[in-house]
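What follows is a set of structures for review.
Below, subunit A partners subunit B and then partners subunit C, in two separate complexes.
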Partner chain A sequence: MSDELITADEMLTQIDHKPPGKGWMDTPVNIRKGMYCYASNPKSVEYLGLPNARPWNPMEDDWKLPDNWQEIVHNAFKDRLERFRSFKVFMDICVRCGACADKCHFFLGTGDPKNMPVLRAELLRSVYRNDFTKLGKIMGKLNGARPLTIDVLKEWWYYLYQCTECRRCSLFCPYGIDTAEITIMGREIMNLLGLNIDWIATPIANCYRTGNHLGIQPHAFKDMIDFFVEDIEEVTGLALEPSFNQKDADILFITPSGDVFADPGTYSCMGYLMLFHYLKEKYGLKVTWSTYASEGGNFGFFTSHEMMKRLNSKMYAEARRLGVKWILGGECGHMWRVIHQYMDTMNGPADFLEEPVNPITGTKFENACNTKMVHISEFTADLIKHGKLDLDPSRNDHLSVTFHDSCNPSRGMGMLDEPRYVIQNVCKNFHDMPANTIREQTFCCGSGSGLNAGENMEQRMAGGLPRANAVKHVHEKYGVNMLSCVCAVDRAALPALMEYFVPEVEVCGVTELVANALILPGEKERETDLRMEPLPGREEES
Partner chain B sequence: MNVNYIFSLIVVLALFLLAYVGVEAAGLQWLFGVVIPYAAVLIFIGGFISRILSWARSPVPFRIPTVGGQGRSLPWIKPNPIDSPSSSGSVVVRMLLEILLFRSLFRNTRADLVEGDKLAYRLEKWLWLFSLLFHYSFLVVFLRHFRFFLDPVPGCVQLLETLDGFLRIEFVNDAIQVGLPGFYISGLVLLAAATFLLLRRMFSAQVKYISLSSDYFPLFLIMGIAFTGIIMRYFLKTDIVAAKALVMGLVSFHPVFDPALTKSVSGVFYGHLFFVCVLLIYFPFSKLMHLGGIFLSPTRNLPNDTRMNRHVNTWNYPVEVHTYEEYEDEYREKMIEAGLPVEKE
Partner chain C sequence: MNLEKTLAQHKAAILQAWFDQVVETYPSDTAKMLKRRKDPFANPVGSTTRKGLEGLLEELTGRMEPQNIISHLDPIIRIRSVQSFSASQATGFVFLLKAVIRRRLQDKAPQCLHGEAMTALEDRIDRMALAAFDIFMQCREKIYALKAEDQRRQTAAALRRANLITEVGDKVPDPKNNNT
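Right after this comes the complex of A and B.
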């Protein structure tokens, strides 16, 4: 973490949720270091064929925009009003009741009034009123209308990249106004001016070319998995043989590449490998990984609907090429919103796949019969329910676990009980966080929607504050020491957040817990967990 | 002092004076009693419909409900059919609860930092309660006014009046011991709820910060309507028979121009009527359209079943993709070397 970052206590004492006396339209944007992500690398923008690739710096006055940028924005705005009812209705019907105001983690963590979802939306709505409504044109500022100036544009950029598209605000709004949807449109429009951030643009350029955000080429991808195979051998004494790009497989497995790359996601990745090995040995199920579709995540979603579709297309294309029956998806948040709410509409119908059935239990995944993609937690829960996994939960006895509902699987899918069921079957000590901070009301990790960079650490910590606060509560009350989740961005982001606010708590994926407990056929007596940490009470026995 | 509400208040007062003076001094009864009401109703209906149509014209490319509970998944996992509807029946229930009971607002909490470093969330139901009171008392007042539009007055309107008045007998007689003629609880509740919403806007720091004149204006206007109504009924003893004759003239398309009749109704009545007209005219162009918009909100009116049932995007267009062939062409050698299967050796 950077040296300049204020301490957690300083952050907490600084927060003031009372807005200043001066009105928001009269308060110019103040782009502050630590609160924004670096501008995109022009090479990535160019590779993707997105507009206005050039080096630029948000801290400089000149953002090097095309001369007719106002016209571009106006037309793009109009086009989206005509293509998305959500956008149009949400521009029109907010009554500014303020119910959403203190529901946003960024407002709670920063106290910046423009982080109230309603004001974030008003940043665009004010221009909408000016450009597209009669009353706004006549009444101007009195009616909350203002023309789009360069300062307004900068304000858009700053605050639309301070929204993680978590949709918590939308849950509380009496009309379901989804500020995430407005952020999505705003970012899409700004991308037409080349106003992107590098933490999003470069991963999508990588993903487009190599199949994953990290730019891992096929041979290197296999190498990395082979490292895990070695580690697993050390823990279990078994040499696994994962399959890649295999044509006669039953199931194609796709998960975010982040788990292949960095701890603690890697342990979940090992967990997947062990689970599939188990299912192959015991039941003959053939699961294959793809190097071409080696990314479950989709940062295209944080760029534009079109970019989302371009990246997502690989999933079905690869499933068709390999001739698998259906697709299994790993633990990831926004990946699952894309699969659940967008994929079939964008790139379907997947009529070349079969309606997913778990061949081991006979369960038909009716909820996925159209999209033909099943979540690993749904799949594992089904296996456990039918007693198909040999489990030794005591191997997780050193852990006291809580579960962070990621925004998208909860508010975008409604997947709340499956992961909890799995966790409670593989470890004994489980404690949920307070009701207002979990399930559909869950708080974001603070780093979603492509904001998990390094240069915006203050922003990420502020955004993660409500989540960390709830973890701290269960840590103090129940001695919770492990924060589990089903999201690769969480696994990348939460460790830093925990280190900042609750250093005693570590982060893991649910499948890591499963693999710790899973008894593989023929394995040796385990002495360590997947992190190579000794299992308490086991060292002496052996 | 806040320019947003001062401005709105002044406008509302000016509107009243306009009608009052226009009628009392300039004798413009025909304008305020006939022309403007007709125009207002036309603008309201036309504006409302065109607004709905303009929303409906924009397609719903993706099915994006905000899910508020356990989704339908494995057979033994209990779904929450209301907050995560997977059938159209459940969507209807979710929408009805949203529209009739303001279910999402009922969830409202208030976050506070306590003991310096703990975020605590308290249930905060006042906004929900007063919004509900506001809307329902407005509805009752509105329906009650049908006795001015219909002759004979239908039984259900009379029943509503009786209930509305009945509540007051219990209330006023016990508490204040003053017998007002047929006091309606709804009018008072409307005024009280609107006052709550106004004070909240003026004094709750966060809400004040986000409020625009267009948030204060309709509140003042509605308070003006309630206030003039109450004044007329309990203090000025307006000639109800004459007022009804005027309104009946309007609704039967035989407007009354008889000076004896139009002059016997006080200027306050015209102020009241003018307020209602302004509200009708203002409605379709303002946030008040949330009345229609909520029905079209894609995060609420769609089922959470996209993995189960296909949703079609009418403008879905082909995009540029990076195909497997292009990928293999770039990496074939490395793939072969690493022992990964390839299409073309």
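Right after this comes the complex of A and C.
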């Protein structure tokens, strides 16, 4: 042990207030604990048929790569440059203007220049120039080219898993370069060497086998819902009877499994159940849950196109099997990015489903005419707009709410106003965060794209800083005490972020707020909200 | 002119020099951005650092209220605790103020450099640095608590799902009866 300790002299030389001023190519990667997720469980990698399943540790020198790893990367790079024109264009056209540089939450939070989107992409571009451009081959470093060494590969792995693929940077790029697509390609290539993380690989394996990220089997999934039904009965006095795998249902509902097991998503899950009960009682609408396609999230998106397609197909296969008219999707983040941007060309057209129409209001959801899948906030906003919900917003009077635009539903599919419309109809106190932190310009939670693990807490807190900073502002200025969102990863990640930076603020889903305000036919007078906290004015009775 | 008045006169310049040195603890490309961007939401590290240092300087030349010092130090340390700094680098920015003040006095009021007032001032800076270290430890402990809580939550959920947990019921056991 004593051999590992540094001497006093060595220690003193390390206490230096200024970092060395080397260029980025000459600054070696320093893999730091707390800034990365654990390597994949080989069993999960093997189950998915991904290459090079073996135990490995990013902190050890030997990453146990195949002997011909450089050849594998070169060929995979070449293949993708040929298959994806956008990738080739993104490799070529960046002029390094720096417009994206200070737009990334990871750069703003960590202060590490290699987290500037331009530089993160440059990690790949430098190898692209070396391997695939004449100028790069001739001029080498002068042209920003460098060969792929093991240290460069480690740098790829470290920094491409410090990108949540949120696409805030691409919003500011004058050329429209989608840096997230570069991360996606980089991660795909690294997966061919078995360089994956467990927080992604194991959920995918579970989803592929059992239908959801957590490996909850159908009977256990139903048990969890039954558990919520008991809680709802305690709050409302009503015994709900949700439907599962019902063949003549109008709508199939799919939400992230995180809503079924993790607080505070569970309260939104109760909210969905209550909303569907209300619509059945009042309007005869039949919504069913599937214990087979029991996952909205799609971590395959963070691995490869093929894996994303494989997991996405399950939802549509189930919709076909049940013969529903269309699919309603819960509060999820990347599920919507996959649906909105990729589904139609991957698994579409879903021509066996109907173009979604709200049977209660007659509204045609034209934006979903190809995917046949409608977001719960669009659906709820439409019901409220047509006066179809009985609401008592005063039940949320103890809350002062702000809204975090989750990257994928906002930037990825353009849903900006619907959640706000819903919140403002079920809560009296709503305050938006500053303009450059919301809507299209929203800051990521810092834990998206499979980075919501525990071991990388420093990374998550640094990445979430810009978001927390804006929440702190509305907390101090308006007394905001609830951060609402429409994403299961947000609901899992933001509580820790708030606890660290703004502990006075809690996190909830939008449908939880709806269900608190929703007056169910025949319900008893409510004394608590869904968290079993006394409603405003009922504090003394509890 | 005494030290107190000199410091008050040069406060803006001292703050600027201190701020510059603190942000230069980041890599140079980062430091440029931290100095340049004024919007607090586009530059949370730069604006939080500037605001905190300003408050600390106010306290240094003012009443040295412990609660105020903590409230100004905390946001800066909270950020530096999760960045790639060692404990000394995360908290050592407080000591940078000593050199900043000395350099300023050397140029503008060298007579203030010596004497009890200067010693007392440097003692105050040392106290701030000690408080910074306490806050750093609290932040690190919080990070480890969040990690532990994350693990606990996962395990508890898994056990509950597997029906391996039986919660205590409403019936209170009778201590006289060993079988209950």
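Criterion: the second predicted complex is superposed on the first by the 518 of 542 C-alpha atoms of A that agree within 3 Å, B and C clash if a C-alpha of one lies under 4 Å from a C-alpha of the other, contacts with A are read in each partner's own complex, and residues count from 1 in each chain.
FYI, contacts are C-beta pairs under 8 Å (C-beta built on N, C-alpha and C of every residue); 3 or more make two chains touch, one makes a residue touch a chain.
Nothing here was measured: the structure is a model prediction, and the numbers come from that model.
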- Message: Once both complexes are superposed via subunit A, do subunit B and subunit C end up clashing or fitting?
- Response: clash
- Considering only the touch criterion stated at the top, classify A:228 as touching first (subunit B), second (subunit C), both, or neither. neither
- First (subunit B), second (subunit C), both or neither: which does A:159 touch? neither
- After lining up the shared chain so the two structures overlap, which partner does A:462 touch, if you call subunit B first and subunit C second: first, second, both or neither? second
- After superposition on the shared chain, which partner residues are touched by A:34: those of subunit B (first), subunit C (second), both, or neither? second
- For A:133, is the partner it touches subunit B (first), subunit C (second), both, or none of the two (neither)? first
- Task: Check whether A:262 is in contact with subunit B, with subunit C, with both or with neither, and answer first, second, both or neither.
- Result: second
- Task: Pick one for A:385: touches subunit B only (first), subunit C only (second), both, or neither.
- Result: first
- Task: Considering only the touch criterion stated at the top, classify A:208 as touching first (subunit B), second (subunit C), both, or neither.
- Result: first
- Item | If touched residues of subunit A are counted for subunit B and for subunit C, the larger one | B
- Query: Of the partners subunit B and subunit C, which touch A:278 in the superposed model: first, second, both, neither?
  - Reply: neither
- Note on the structure: The only stretch of subunit B that collides with subunit C once the two complexes are overlaid, out of 109-117, 145-153, 163-171 or 181-189, is 109-117
- Query: Which subunit A residues come up in both lists, the one for subunit B and the one for subunit C?
  - Reply: 15, 17-19, 101-102, 108, 113, 116, 434, 436-437, 465-466, 469-470, 473
- Mind listing the subunit B positions that touch subunit A in their complex? 3-4, 7, 51, 54-64, 66-80, 83-84, 86, 98, 102, 104-105, 107-111, 113, 116-119, 121, 127, 131, 204-215, 285-287, 289-290, 293-294, 296-300, 304-313, 315-316, 319-324, 327-328, 330-331, 334-335, 337-341
- Task: Please name which positions on subunit A make contact with subunit B in the complex.
- Result: 9, 12-13, 15, 17-19, 23-24, 49, 81-90, 92-99, 101-103, 108, 113, 116, 118-119, 122, 133-135, 139, 142-144, 167, 170-178, 181, 208-211, 217-219, 222-223, 244-247, 291-292, 305-306, 309-310, 313-314, 317-318, 321, 339-342, 344-346, 348-349, 363, 365-371, 373, 378, 381-382, 385, 410-418, 421, 434, 436-437, 439-441, 465-466, 469-470, 473
- Query: Mind pulling up the subunit A residues that touch subunit C in the complex?
  - Reply: 14-19, 21, 27, 30, 32, 34-35, 101-102, 107-113, 116, 214, 216, 220, 224, 261-262, 434, 436-437, 453-455, 457-459, 461-462, 465-466, 469-470, 473, 496, 499-501
- Using the touch rule from the top, collect the residues of subunit C that touch subunit A in their complex. 21, 24-30, 33-34, 37, 39-45, 48, 78-79, 82-84, 86, 88-89, 92-93, 96, 139, 142-143, 146-147, 149-151, 153-154, 157, 161
